[in-house]
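These notes concern the structure reproduced below.
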Amino acid sequence: MSSSIVDVQNRTDTRGLAIHKVGIKDLLYPVRVKQQDGSEQSVQGLFTMTVRLPHHVKGTHMSRFVEILQQQKEALDHESLIKMLYRMTDRLNVEAGEIAVKFNYFLDKVAPVSGQISAMDYQVQLAAEIRHGAAQLVTQVVVPVTSLCPCSKEISAYGAHNQRCHLTLTVVSDEPIAIEELITIAESEASCDIYGLVKRSDEKYITERAYENPKFVEDMVRDVALRLNQDARIVDYEIESENFESIHNHSAYALIRRLG
Amino acid sequence: MSSSIVDVQNRTDTRGLAIHKVGIKDLLYPVRVKQQDGSEQSVQGLFTMTVRLPHHVKGTHMSRFVEILQQQKEALDHESLIKMLYRMTDRLNVEAGEIAVKFNYFLDKVAPVSGQISAMDYQVQLAAEIRHGAAQLVTQVVVPVTSLCPCSKEISAYGAHNQRCHLTLTVVSDEPIAIEELITIAESEASCDIYGLVKRSDEKYITERAYENPKFVEDMVRDVALRLNQDARIVDYEIESENFESIHNHSAYALIRRLG
Amino acid sequence: MSSSIVDVQNRTDTRGLAIHKVGIKDLLYPVRVKQQDGSEQSVQGLFTMTVRLPHHVKGTHMSRFVEILQQQKEALDHESLIKMLYRMTDRLNVEAGEIAVKFNYFLDKVAPVSGQISAMDYQVQLAAEIRHGAAQLVTQVVVPVTSLCPCSKEISAYGAHNQRCHLTLTVVSDEPIAIEELITIAESEASCDIYGLVKRSDEKYITERAYENPKFVEDMVRDVALRLNQDARIVDYEIESENFESIHNHSAYALIRRLG
Amino acid sequence: MSSSIVDVQNRTDTRGLAIHKVGIKDLLYPVRVKQQDGSEQSVQGLFTMTVRLPHHVKGTHMSRFVEILQQQKEALDHESLIKMLYRMTDRLNVEAGEIAVKFNYFLDKVAPVSGQISAMDYQVQLAAEIRHGAAQLVTQVVVPVTSLCPCSKEISAYGAHNQRCHLTLTVVSDEPIAIEELITIAESEASCDIYGLVKRSDEKYITERAYENPKFVEDMVRDVALRLNQDARIVDYEIESENFESIHNHSAYALIRRLG
């Protein structure tokens, strides 16, 4: 039936302007993600899928992006995301395109003393882009940790202000890097990592560990950078640290980047 | 080891003030939800779990709430949520408590003409409360639909402004009501329901259907109320309609409630 | 001209259902607010304005709500908000209505040791409702403070986890209560209040003060309740404390209420 | 007193890593902004202020950023923002820095037929950056408009779906460009602009105007681009169009950019 309906998008455009990105944004869709150990996790992905539109075409075909997503049966990892991206650029008959998907990802963590297990949530974004025939991958994780202020510790008779902090690692790589690898690096370079479930013995451990290991936002981005600098798979990175300061109603923030 | 660590929370409080709710808020946790057809869906629940604290106790035991959640193996529906709630009040040795969990819930929808299938997302909240030994259930769904303005249609030579609209149904019931039942009612009382994936034939259908079926926010809450009034399982309800107006940068809003 | 255009909203409705609230939601509008010292502060108010609609009327007149707001020249305080509310119910010819306005409110704070001055922001909501001819006022403030965990302090060899905390006071009163009064109470019952601008001498003070003054979320709501219980102007209140825990990725939460 | 307190931030760092941005993020502060007509508007600015930190310095001085803001007496426009930026880099003794401030900005709009006046809110960001001794300015406005789908209009017997849309213009310029200029361009290239307060005569006008002027997200970014291409002051731009689709629960999106 739809063959008899006018296709306005396919008309010729005469304004002479290519469009760098056009498609769908913020579509929530259930997908599975491959974990480092090979098992799969059900997540809800917030998808943005766009293509480059040549100057002479009036519009893209929005429904095809959702079709590509609906047809995606394989769990997402870097390899399957790139395959999905090629299916999208083929289906839309374009040479450049991009898929980015954000989701909350859960890992079981073991409390440091009691050994109690609980899930921790991390915000993750996987993005893949085709440009000039080559695909590039970007992996981003936002890792909640605790940070304790070195200045506050040193100048005070007792105590030290500390707070929740977000360490965000955004990594461009030629070879796949597991989400779990980036989370582990971030957690090990904070004043201390954090947990869903802690008993008193764990709370004592975290409190003392953070006090023994004070870090500014500047320290955390530098220490993570030293770690990423040792990984030959990583082309570019951006590392951010944001302290939701407990003595202010604003954040302390630092960013360090390397462009390959 | 933790047996030798001081338990500050268990101390006596002398301020003479009971606390109506104390516990954990906004904990994101992976759980499964039972669907109407008996199958299960993996969701990420945002949990708030609280209890009433007697006046003579200094503090609650925060870690026990997470333990209850970590031990929850059964998929959530009204029955299993109430069982979880009783486990919580038992474990914390209190007489009143509440669990509320918000999550995005997906249903496959079939486009009205092309028959194409795609997932649609709905915000859901299930809440259960124990007070004086009895448990009460509240189910809330936020259903995105389209609404077309009757006034704009009638006064204009052609066209009519329309927009995305959220219909929110909050229902207190003695017997279980499926999430799917509430979604179906909301979608059938809007100007038209909406879809992730539509072909041109579907777009034509939705456009014309909404134009033939104009509704104010007032109409939508009244039409849903007429439907809920026919359901003997429902004790109380609150129905909200919010138009993200396409001719304004604010919303039109209506609310109708019935308290049993 | 508009007199010749059909007025769809004014038509008769036959569904037999009154609507409890109908109007506009989330309209951002520039207004002024009266401060405790009599001066005025420019704020941006997020307004929700609704009326009760009788069962026999099809729809309300949405534009009149915005007219009432546009005509509001006087700075808002409890008295002028109630006058505005009566203008709204008169203009819409109804017996019940409600205006709620949320805004960020700034106060100059003086750092505790250095004496440096900086602005602090607080989220405020003023609401007024007419029901059965009488107006009722609700004032809400969200006050960011720091809280230090008594358990963590007591069980640890050194340090104690602390974090940003929101103390939310919602007060129903017969007589006006200044925003500033509620902020002062909340700040004085936290482990320590916080500041936009602190020098090292202030940071030392805040760190040590919080360490000397550990409080659970339970303690903060009780201590604020004891203060509000002494104020004869207050009819009802609800006090909430939410710790954005530095050792978790979720909040600890407590609520205490008094219904007059 | 603070002279006798250890200055941890000033210590030498040996990790050999410069930090690209360090400072404060999301500090809400009351400021004034200069309007195109020379008058001033009170706004609440959400400030992010950062500097580049040399590799051999351990940390920046966070309090100095807030001092710079607290000392800012002049209303913000491009000229005064750059002066503020130079004060910041001088005070922190660095060669590169950046200030970005987001705020809601209000303009009085006149309804197209009735002539009724009401305020409309726009999200604005002004950013200034110093790099290699030169300052660069970026102005961003998010303009809410209405968009009507050309495809839906053409294929349907009557009606056409339309929705709220955000047009976002981000402009790098050598010479100042007024916020009002960018808003005017965006509003004139949508299907129709929108208003806080409309009477029925205005609603009829907007409905018909949008129906006569259907535009895809692709059309809007191209039409705005044609306008910006004519302005010699503009070096680079990025234009985004996001339709909060009334027939979907996700957005249609387009982006066009020019890098000078």
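Order as written gives the chain letters A, B, C and D; numbering starts at 1 within each chain.
In this text, a contact is a pair of C-beta atoms (placed from the backbone, for glycine too) under 8 Å apart; a residue touches a chain by one contact, two chains touch by 3 or more.
What you are looking at is a predicted structure, and each value in this text was computed from that prediction instead of being measured.
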item	value
Chains touching both chain C and chain D	A, B
Chain pair, A-B or B-C, that carries the greater number of C-beta contacts	B-C
Rounded Å distance between chain B and chain C, as computed from the means of their C-alpha atoms	25
Centre distance in Å when chain B and chain D are each reduced to the mean of their C-alpha atoms	35
Rounded Å distance, chain A centre to chain B centre (Cα mean)	28
Multi-chain contact residues (two or more partners), chain C	5, 27-28, 121, 151, 155, 196, 198, 200, 204, 248-250
Interface residues, chain C side, partner chain A - complex	120-121, 144, 146, 148-149, 151-152, 155-164, 192, 194-196, 198, 200, 203-204, 206-208, 210-211, 244-250
Chain D residues touching chain A - in the complex, by the definition given at the top	5-6, 8-9, 13, 15, 17-28, 48, 50, 53, 58-60, 62, 150-151, 154-155, 216-219, 221-223, 225-226, 242, 248-257
Chain A-facing residues of chain B, complex	1-2, 5, 7, 27-30, 41-44, 63, 66-67, 70, 104, 106, 113-114, 116-119, 121, 196-201, 204
